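Two complexes follow with subunit A in common, the first pairing it with subunit B and the second with subunit C.
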Partner chain A sequence: MTGEALLSISRLGVRFPTPRGELSALEDVALEISAGRTTAIVGESGSGKSVLSRSILRLLPRKAILSPDAAIRFDGLDLLRLDARAMQRVRGRRIAMVFQDPMTSLNPVRSVGAQLAEGMVLHLRLDRAEAGRRAVELLKRVGISSPERRLEQFPHQLSGGMRQRVVIAMAIACDPELLIADEPTTALDVTVQAEILDLLRRLQQEQRMAMILVTHDLGVAAGHSDDIVVMYAGQVVERAPTRTLFREPRMPYTRALLGAIPGLRDAPHARLSTIPGRPPTVYGTAQGCRFAPRCGQRQPRCELDGPALVADPTGNLLRCWYPAGAGA
Partner chain B sequence: MSATTPILSVRDLAVIYPLGGGRTLRAAEDISFDVHPGEALALVGESGCGKSSVARAIMQLQAHTEGQILVDGQDLRRLSRRALKALRPRFQMIFQDPISSLNPRRRVREILEAPLRITGMRDAAARARRVATVLDLVGLDPQAVLGRYPHEFSGGQCQRLSIARALVLEPALLVCDEPVSALDVSVRAQVLNLLNELRERLGLAMLFISHDLAVVRNIADRVAVMYLGRIAEIGAADSIFNGPAHPYTAALLSAVPEPDPDAALQRLPMKSGEIPSPLAPPPGCRFQTRCPAADDHCRRVPPELAGLQDARSAACHKPFVLGPAVRERAPAGRA
Partner chain C sequence: MPTRISNLAQRIGHLVAVLLLVSVATFGMLELLPGNLAYSILGEGAQPEAIARVEKELGLDRPLPERFLGWLGNALAGDLGKSYATGETVSHAIAQRLPVSLQLMIAAQILALLLALPLGLWAGYREGGTIDRLISGSAFGVLAVPHFVLGIVLILLLAVWLRWLPASGFVAFETDPIGNIRSMILPSLTLALVEAPVYLRLLRSDVASTLREEFVVVARAKGLSDWRILLTHTLRPSSFSLVTVMGINIGHLIGGTVIIETLFALPGIGRLLIEAINTRDLMMVQGVVLFIAAAFVLVNLLVDTIYAVLDPRLRHGR
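After this line comes the complex of A and B, so read on.
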């Protein structure tokens, strides 16, 4: 981690009341995001990665119960304790978000231009004409051809990739300091995905933004992040610079996950390593490490006592009693 | 491979959707390939390329088709309903969404026995034995699952059940339409291992539809890359992955996000990322609007699918024009 953290999350827990008890969606999450860097949050479905990204912008459903000592600090502001109006000034302006499905995050009955201008009129107090000029500018920056014409069009007239470009243009319209991209390319074809990921990376670097890239795809994270946070069953289990994480994954879940991905350069029909069972759904509190039931390195201690997220000497975070490379 | 008789032969297949007003959409055209016993052929391409239409046409789920589809040498379109029904056990299908492809109101026992009943296995004990055998084969404990309903299972387990249902009739060919796209990484690995194992143990032939080239690398012996309704390149998986002949294959390969931060990021430039509408395909080569190597000839004359030296064919006037960029990528160095 270089420099002061722009965003720092500590002791974040989120629970949802259900008929079967309180579902633990996030537990004891700690995270620091620095300006100018991209942090990928990686996990399988149900790992809590989307709940985490939504809790930063306070977009969780009303019934969500946050842990009382949770803190989300953004440039000196305690986001969890801001009043609604102050939060409004952060959301969309200083922290922007790109969602998975570009069709549902755009309003189908308003033109591209009107939607692009909305945020700039609201947050930057631009007048219509000025917002329109800037909208053309933004569409150019996200690689949309004949932008003047596009402003008049409606979302259904655009392809999936083009729509996601529009969503990205909206997100960067107010020069946010932090961009949260939640599975931004999952709904797109692979060649379009590559272009959108390159675009996000380029914008992040040009604007010196911090970016959180939420993805289930370790391949996407590998090529487009500086740091990776791995989540499992609502907890952060490992955090390291991207290269380190791929070279020397230490938490057994990270290692297993990496082994389970087929690669283009593997032999055909190569047997993939698998993780037996499936992630737990935790109601109330879990005893022991949440990964223990599926872990090949499990020891008696793991089943009794949940490990804390601790920093190793290099500052990388790890939640495991017996990590690989510990020499024990 | 060519010594055996193919289980599936597709010849000049076209899949047509009537659009009203006399207009038609030709979702797939000029599709020809064989699948031999024990062999997995992958149909790869992006959304709208026609790969699922081809799969559905083979399963006779598609009303308007042209060309021939032969299973065990018999042309499916010329068979009577009865003869087709009698042949159905030979070719079965699994779908993308494992949960919605299982009837939520039936127990596993009923779901798995249904195909046996339909094909006339009257002996209840024999049915039960067959179902238990198949559940074992896909790694589920018959005792534990027979009395349960689909919603009690995870996505991965449901996909195992779908595979079991397809295998209960002992097919020679399994048509798999994006069977692992809806699954999480760790579960996907389990299902891929299972499919590879079944192909080997049972000598099963597979037609595997997928948009994911890394998955295809793991499962396929041969690959057919489709673009805008046509086969752009077809051949042995090894040749295609090691040196794509068609610029589209090369571009597709270079766009795969690899789980390796050191993989040389040599993305091939494509002109405009958008795939043209299949309603109005461009003249000449279908890929010419995005191909960085297209010239006047490409824009006028559609290339034929032509054989190249290493048992593969490509529909390109300039095969291998982009190949080297991909081959220069760094060798494997994964943790």
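After this line comes the complex of A and C, so read on.
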């Protein structure tokens, strides 16, 4: 964590009104992203990572309730307090996003070229011919063959991997400073997954942009990130540089997650290690640590009082009363 | 490409089959009528010789299949027979009345779309909000009012009280273009008000569901403004039900609208049909019904091709 943060999020809470009461999707989330680095946000499904990534660009449904003291700062801008027009100038231009499912990310009735060009026409003020030329270049950069022909085609004529490449080309079209990739490979075949991840890493390095890689797959995070943020039940529970986190995970949930990765040296047919129970869905406010019911190191205090996210001397963040390696 | 051609061939095959069925039904309609056709033409108490003469003239003395094929052949050549009452040929009568019905139909569709497109988009965009409830509620209210009541209210308002427009009657475009347009405003508006609520509600619900699609979030993430997303990303994929229902309406309206044409004294196809029925002018009824059915089928073929324009997925057949 060196240098000024490009993006910093603090005290972000998001709630959704439901018939059963207010669902707490995010609580007291804090996050810092430095320019040029890749931060992976890791968590189970339902841990709030997608809500977090969407709230940065204010893409949450209108009914979402944000905590009043939340702040999302991007290069001096207070994103939560920008008016609609100013926000539109950030979206796609300075912060771009790649979504999970390439099958639904593209408009089925518009050509690839039209969808690729519209962002550039809007933000870079290119005319149609210039946007067309740049679109061809972009498709080449994301590894799509015969790009001129692809521009004329419609999404249904492309494979899933190809569509995700188009979505990525759309995202990098205006040279954003931050790219948010929300589970960009979850809906793809394993072989294609690796290609897309390599492509993202290459682009991130070439463009020297910051990247947020949202994934439920610790393996993906390990190979493609500089820092890791672990989320659980709407909260950040641990943040550390990727290498540190894998070497010495401190929060019990992180340790359990790492333990759940099957290793090559495991005995054949050994039982996969799992975390018993399921992550809670929190309505209203919860008492105690959200991971306590599933935690192996649980103490009486954990069920009464929720720990805060605190920084250790090296600047890594942790939300646990009894982290591993503390005073041991 | 080959699939496209075979698709078209298949559709045209359908079309021919449907038209053939329609012609059989139209022809059979007259055969099934109780009583003798010649009697109904000549009236009660006609002389047997006169009846025999008329029967021979109409070919009623020939066997049924032969008569049907003869009639069908003539119809294909554009000859739908002659009115007994006036001696006018049926095709001439249709050609005279068609422009009125077409003008009414086109003007009403344009007005209905002018109302339904912006309001439907807006209501769908604000689904569940106050604006939506206001727009959808009023649409439902108008929908519940019968045609003729709407027409009468509009006549009262715009013709009787404000005296802006003539209450009824038709002026041909050739004689007085301005008068023609003035005479068509009230009927078109009435018809548009009948149809706009249906279009509006279809569009509204399709827009609302399109806006829940992921590609709309992607478009927002690109920095497009909401109205741009509505126009460039939402309208087209939300217009399929609208196009379907419009096609059905247009097909109907080519055959005229009996109520509106009667209310505003417009000499359209609908009036022609009603008059022919009232005077038992059976040749005319037969011809007009066949024409209406053919127009309906053709318009729906056209709608099928419009789907392919709207949705590229139908063009390439995967």
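We take it that the second predicted complex is superposed on the first by the 325 of 328 C-alpha atoms of A that agree within 3 Å, B and C clash if a C-alpha of one lies under 4 Å from a C-alpha of the other, contacts with A are read in each partner's own complex, and residues count from 1 in each chain.
In this section, a residue touches a chain if its C-beta (ideal position, glycine included) is under 8 Å from a C-beta of that chain, and two chains touch if they have at least 3 such contacts.
Keep in mind that what you see is a predicted model, and the values were worked out from it rather than measured.
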Putting subunit B and subunit C onto subunit A via the overlay, clash or fit? fit
Counting only touches as set out at the top, which of subunit B and subunit C does A:88 meet: first, second, both, neither? second
Determine, under the contact definition given at the top, whether A:106 touches first (subunit B), second (subunit C), both, or neither. second
Greater subunit A contact set [subunit C / subunit B]: B
Superposition-derived angle with apex at the Cα centre of subunit A and sides reaching subunit B and subunit C, degrees in steps of 10: 80
Going by the contact rule set out at the top, does A:248 touch subunit B (first), subunit C (second), both, or neither? first
Enter the shortest inter-chain Cα distance between subunit B and subunit C once the structures share a common frame, rounded to whole Å. 12
Subunit A positions touched by subunit B in one structure and by subunit C in the second: none
Touching subunit A in the complex, subunit C uses residues 213-215, 217-226, 232-233, 236-237, 310-313, 316, 318
Give the list of subunit A residues in touch with subunit B in this complex. 44-45, 145, 159, 161-162, 189-195, 197-198, 216-220, 222-224, 242-243, 246-249, 255-266, 268-275, 278
Which positions of subunit B touch subunit A when the two form their complex? 46-47, 154, 156, 184-190, 192-193, 196, 200, 211-215, 217-221, 237-238, 241, 251-263, 265, 267, 270, 272-275, 331-332, 334-335
Complex contacts: residues of subunit A adjacent to subunit C: 54, 57, 59, 84-85, 88-93, 96-97, 99, 101, 104-111, 118-119, 122-123, 154, 156-157, 167, 170
